[in-house]
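Here you go, one structure.
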C-alpha cells in the first residue's frame, strides 16, 4: 500500500511531504523573497505561517508526523533578530530538546530541522528547502512516527 | 470427560500443532511484562508457569481499542462502512480460573441483548483452554468468590494442569477435543498426578491471607443504599490517584468509550477502554454526577461487589485475581475496600 | 454551519500561468464548509474586491479564503474588503499561491496540486477562525529619537515643528554626528559645518525638543503608543545648568594625551573637553577614564579654574524614565577599521588614511588646521592615491557584501578638493566601478576627471608598502591590462561604512529586527522603508542602509511624517491576535509569564465554576494592550490553557491536518 | 438494520426550525424516506455527526407521527453547536430507540395526566402529549404546565397555542420567570405555579425540566398530596452506548439507558443519590 | 526501622502538639506488608503510621489537595520527595503556608516487583537483617541482598540533601549505592537509531494508557491534562496505534522537562514495568550537558531551563550531531 497519498499519481517517483513552519517576520518573508526571486524548491514543501517560531508547539510537529509528514522544518529569525526579541531563543531550546528526544527514540534525526532564515535570505530559504527535501527524499517515508489510521 | 497427558518437554510442539486451529495465544513474557501474546513472536517467551499475566486475557475479546465503523464524508453525504468482525479462529491457552470466570462476567455484559457483535465474533472464534493453578500467590483471593483455581470452571473448551513433567488436558467441549486430536503427543492419562497437584495447591490455598475474605455484606441481597452511604468511602478514596491501572489491569472491567478519529480521509468510530476512575468519565456539557474521586472510586467497587451481582444473579464482577493488589500505585485495592466495608466502619 | 467563500486570484499570469486556477476552484468546492468559489484576474483590484463583497452578501458567507499573493502583500486589503462586506476582518485567510507556489514551481500539475493543498489549509484554518475585535490604547504624544546626527536632528525638528514633544538621545557629548566631521559635501561642495550647525542650534533651541547628550537608552518597555524608556544620562562631571561653555577648563587641563575622537584620533584633547567649537550643547565634559582627578584623586585644576563652579566630580549617572508614543532609530554609521586588509598597510603607515581621517585632515578645524600634510612627517604630498571599495562589495567575508554607496562621490570630492587647492599634487583613484546615480553626480565625477585631471584607474590595489619614507602602491590597471607601481605620499582608503554597533543592542531592546549586515530591517523594503516591522519604531538615516546626506535628510523627514501621523492619532487599535488564557485550564504555574517578552502576563486569584465544581485558583491574565501575539507563552503552557487568537492550537493543527491529508 | 447496536444508520435532516434563541427542532428521515425506526414516547436516540461526537437526545415527535422523527435540541456543547449549524439536506447518523419510555400503554391508560415541564424539558414530554392527544379517548383530563425563563424560551409555542390549547379536555398553563412586554400569561416559577393551580392528587404527573425545577416541583406535588408512585420523570445522564454496557449512566444498579430514562419517583428513591 | 518510625512519630506528635500542624500526611499500613498507602493521621492515630522499606510513595503530589484544605498539614518527605514539593511550591501549585515539611531520612525503598522476579512467591512478611531482606512466603523463606531489591531511583540515590523543608529529622542510616543515573541513557545514545527504535517500541508497546505515570507524577499536576481535553487535538483515552503510545509519552516527558525532579514515581507505578524514567532522564541529561546542571526543585529562584535561554545556546543541528562522526 503506498503510504504517501499526496504524491502526484502520474509519476511513480516518491514525493515526500514536508511541513515547514515559518515565522511571519523573517522566514515567511524569506520564502516570499525566494518566490519573488523565482528561486525554486520542491513543491513537497508546504509552509504554515506562525507569528513566531516560538509559537510552534511540539504537538504541531508530532501532529504533522502523525498525519504522515515525512519531514518537519522550523524556520525563524536568526537568533538575536527575533521580532519579539526572544522568541527564537526559546524555540532553539525547545526544538533542540524535542529533536534530541526524537533521535533518542530512534526516529531518524534528519527528519527534523531548525533553520534561521531572515527576510532578506530568499536564496537561503530556497537552498535550505532544496537540501531538506533532498535529505527527506533520500530517507524515504516516515514509518516510525505516523498514525497508521491516517490517509485511510 | 477423559483426561489426556503429554510430555511437558514437548510443549513447543503442542503450540506448533495448535497453529492448525488458529493463532495461539499463550501467557508470554516480553520486554519485562507478561500478557497473552501470539506464540512465536520475536523476543517473547511463552511460559505456562506464569501465575498470572500482567495483562488479563480480556483484550482478546474486548481489545483496548477497536474500530466499529468508518464514515466517508462527501459534501453533505455520509457513507458508512462497518468494521470487519473476527473471522479467524484462535486459541487462547492457559487461562487461570479467575480469568476464566472474568470471561463469564464479560459474557453477561456483551452477550446480553442487544448482543455486541464484535465481542461475540471473537468469543465464537476462540478456543479457550483453562489452566489450573499450582502455586497461588499471597495476593490471590479467588477462593473468596467461590472459585477453585485447581479446577477451573467456566466458559472454556478444555482444562489443563501443568506438572513438573507433564501437561494434562481435559477437554470439555467438542472444540476442546480438537486440541487433543490435533497433537499426537497426547495420550490418555489417569488422575493421580493431577489430584496430587490439586491437593498440594489446596493446602496452600487454605493458608492464603485473604482466601476467605468476608463478602457477606455484598452481593445480590446487599443493602445498596447503606453501602453507598458507608462512611469509609471518604478515607478509602482520599488518596486514589484517579488513574486507570486497576481498571485496565482488571480482567472484568469493561467500561468503554466511543470516539471518533478523523483520519483526514474519513472518520473512524472506535471503541476503547475507559475507566470509571477517570474524572471525565461521566462528564457532560454541564457537569458530572460523580464530582469527586470518592464517587468514582465508590462506583468502581460497588459495581463489582453490589451493582453487577444484583443484575446478574449474585455473580460478583471481581474474581479475586489480585492484579489490583499488585498494580495500584496507592495500594487502594479490592481487599482493602472489601475489608473496610465488610467489617465495622474504621474508627475515625 | 460556516459558509466559506474561496476566491482564487490569477494575478494576471503570475499565478494563472503556472496554476490551473479553474482546477483549484473546482477542488475547493468539494471541501466541507465551502459555499462559494470563484476565480478572477486581479482579486485585489476594485472589481475583484467587489466580487468578494457581493459573494459575501449573496451567499451569506461567514468567512473567506483568498488564494493570491503573500498575505504580507494584500491580507490587509482583503480584511478591509471583508469588513466592508460586513464580515469580521479576522474571518479572512490568505493562501499564498504566488510567492509560495506559482513563482517557484514550473510544472503546472505540481503547482496546481500544491495550490489546492494550500487553499485547503487556509479553508481548514478559516473554519476555526473566530471573529476578533481589537482593543484600543491611548497614544503618548511624545517621540524619542535615538541618535543626534543629521538624521536624528532633521526628524526631531520636523516632529517638533508639527507641535509634538520630542527627545533626542545622543551618546556623544554633542549632537551633530558624522556630518559635523565632514569638510565639504558633494556634489555642491558646500561647507558641511555651515549647513549643519544652524540645524544643530535649531534643535538645541526648539522648545519642543529636549536633548539628552552623553546619554544612552538603558531599557525600553511597552509597545506602540506606549513605550516607557529609561535613559541613562552619563555623568558629565560638569553641571549643565552652570557651564557657560567658555572653554577655560579645557585649556587648563593638564591631561593632554587623549585621542580626539572628533578628529579621528589624529590629534589629542584634554580630559575635560568640548568636542568642537559648534557643539550643541556647548557644555564641557570630563572623560573620567583619562582625568587625573578620577585616576589619582589629585589634580582638580578645572574645578579651580571654573568661574561658574560647574565642575562636579561627584555627579552620578542619572536615570530618566519617560513615556513615548513613537521611537525613531537614527543611530547612524561608522567606518570599518580597514586594518583587516593588511595589503593596504593601514595602521602600518600613518600616511595611509581612511576617507574620514582625510576629511579631517582637509578641514580647517582639523588636526592640521586644514593644511594638507603627510601625517607621518608633515611634508607636503606630491601624489595621493585613493583606493575605493575597501571592504565594500566584498564577498570574501573580510568586508561587507554591500556597496557603501557614498564612497565614489566623496572620493571624487576629495580628489577635486585636493586638485583645486593644491594643483601641484597629483591624484590617482583606483576603482572597481564608479557609481554616480544621483542628481549632478556624474557631472561632478566628470569634472574631477576632465577639469581637475584626476587619474582614474580601473583596478584594485594589491599592495601598499612603505619604502624610503614614501609609499609604494602596486595595483592593476585593468583597462590597459598592466601592473602599476606608483610612488605615493598618501593613500586614502574609501573604507566601507557599517551601522553603528550600538544599534544592535538598542534594536534588541526595541525588539526591532536587524539584517545580516546589522542594518535595521524595514517593514517593507519598498513600500514601508522608514518603518521597522516593530510597530511604533521608525528608521531614519544610515541605520537603515547606506545613504548620502540629501537622502538621509529626505528619509529623516519621511520618518518624521510617519511619527507625526502616529502621534496625531487619538487612539491606536491593538493587535487582535493576542494570547488568552482559559482560567479553567490554567495551573497558575507562571511558566508563561517567564517567557513573555512584554510582561503582558500577570496572575490573579479567581473564583471559578468548573462545570459545577467551585474552586479558587491562581490564574494567568493577559494584558491585551501589551501582548504582541508571539505565542511563546502558548508553548510554555503544559495544560494548553494559553492560546493565541488568530493562531490557535486548533487552527494550526487543522492546517497541519489539511496539508497532510 | 445494522448488525450491531453500536453501528448507526444515516439520517437526513429534512427540516430545521428555530424554536428559541438556543433551541432548534430537527426533523429527521431515513435515507430512503420515512422514519429510521419506530419508538415509544419518552425514548431516546443517539445522534451523531461523524468526527464531532455522539449524544443522546429525547425523541420529541410522537410515535403517532408516521412520517419522521423530531428532536428539539438546545445548544449547550460541542456536538449541539454543530447540530445547530445543520441545514435541511444535511446528513447525520442515528441509532436507537433507547430506554423504556413513559408507560403510555400501561400505567398511564385512563389516568388524568399532569404534564409539568420547564425549558427544554418539554422535549421528551412533547412526544407523550402528542401521543395522548392523538389517542385522546384512552386518557383522562390533561393539564400541561409549561414554563421557561422568558416567552422567547418557550419551545414549540406555536404548536402549543395552535393545537394543544384547543384540544378537548386539555388545559395549557404557561408561565415565564419574569414579566415581559406583550406577555399576558402567568409570571412566576413553575413549582409555585403548580402550587397555585392546585391540581387534584388523583392525576399522574409527568415532570421534566432542570434538576432544580424538578426538586421544587416534587415538593409542590407532595404538598398537593401526590404520592411518589404518581410521579414520573425522565433522567438525563451521560449515556454513551445506549445499550447498558459502557458503564456510564448507571445510578446504583440501574442503567438509565436501559432501565430508564423514565423512572417513577418511588423507583428513584430506592437508588443511590447520584444523579 | 521500628526505631526510626518511632522517632518520626515522636517528632510528629511534638509538632502537632506545638500547633505547627494539625494533621500528618504519611503512610498507613496496607493489607500486606508491601502495600502501605498514603494516609492522613490525627494525633490519636499516629501509632498507625508506618515507615519501612515499602513506604516508597512520594507524598508531594498529595500536598496539592491537602494544602487546599483548612489547617496545616505535616508532610513527611524523604530527601528526593522534598525536591518534588519544592518544585510544586515554585509553581504555585501547593499553598506552602498550609504545609509543614519534615524531612525524614531514607535508606532506599524496596521494589516488590524485583522481589517477585527474583523468585519471591506468596510473600507473607518481610524483615531486614544485615543488608539482607528476608521474606516469609507460602513456600518457605527467601533471603535476598537488599541492594538487589532497591528501586531504580534508590540505586542512583542523589544523597541526603533536602530542598525547602521546614526541618529535618537526623538519624544515621547506611549509605546507598550511587550509581550513575545516566548510564542507561548514555548506553542507548550509543546505539544505532534502529536499535533505539526497537528498544522503545518494545517498551512503549506495553503501555495500556492507564495514566498511572501521569497521575502519580508530581510534575504532572495540570488541572486538566491535554490528553483529557477534547479540545486539545490530541485527546485520546486508549492506545489505538503505536503513534499514540509514543505521542503520549513524548509529550508527557516534554511537559515535565525542566520540572521533573527525577523522583522515579512514574517507573515505580507503571503496571507494565515501562522504564519511563529513561525518558525524563534523557531530557535532564541533555539539559545538564547543553545548558548547565539543573536540578528541578533545588533552587526556588532558578529559571527552569525551558523558560530560559542564553544567546549562546547551541544550535539544534549541532546538538543532533553530538558525538557523531
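Order of writing sets the labels: A, B, C, D and E. Residues in every chain begin at 1.
Going forward, contacts are C-beta pairs under 8 Å (C-beta built on N, C-alpha and C of every residue); 3 or more make two chains touch, one makes a residue touch a chain.
A quick note: this is a predicted structure, and the numbers were derived from the prediction, not measured.
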item: Middle chain, criterion being Cα centroid separation; value: A
item: Which of A-B and A-E has more C-beta contact pairs; value: A-E
item: Chain whose average C-alpha position is farthest from subunit A's own; value: D
item: Chain located farthest away, centre of subunit B as origin (C-alpha); value: C
item: Rounded Å distance, subunit B centre to subunit C centre (Cα mean); value: 71
item: Length of the line joining the C-alpha centres of subunit C and subunit E, rounded to whole Å; value: 52
item: Distance from subunit D to subunit B - Cα centre to Cα centre, in angstrom; value: 39
item: Distance from subunit C to subunit A - Cα centre to Cα centre, in angstrom; value: 30
item: Multi-partner residues of subunit A (at least 2 other chains); value: 5, 58-59, 63, 67, 80, 86, 90, 94, 147, 149-151
item: Set of subunit C residues in contact with two or more other chains; value: 595, 636, 649, 653, 657, 660-661
item: Multi-chain contact residues (two or more partners), subunit B; value: 73, 257, 261-262, 264-266, 274, 283, 286, 288
item: Of subunit E, residues touching subunit C in the complex; value: 68, 91-93, 221-226, 229, 231-233, 255-256, 303-304, 306-308
item: Residues of subunit B that touch subunit E when the two form their complex; value: 30-33, 35, 43, 51, 54-55, 64-65, 135-139, 204, 207-210, 235, 238-239, 241-245, 247-249, 257, 259, 261, 270, 272-275, 278-280, 325-333, 335-336, 339
item: Subunit E-facing residues of subunit A, complex; value: 58-59, 62-63, 65-66, 79-80, 86, 89-90, 92-109, 112-114, 144-149
item: List of subunit C residues in touch with subunit B within their complex; value: 30, 32, 611-613, 657, 660-661
item: Partner subunit A, residues of subunit B touching it in the complex; value: 70, 261, 263-266, 268
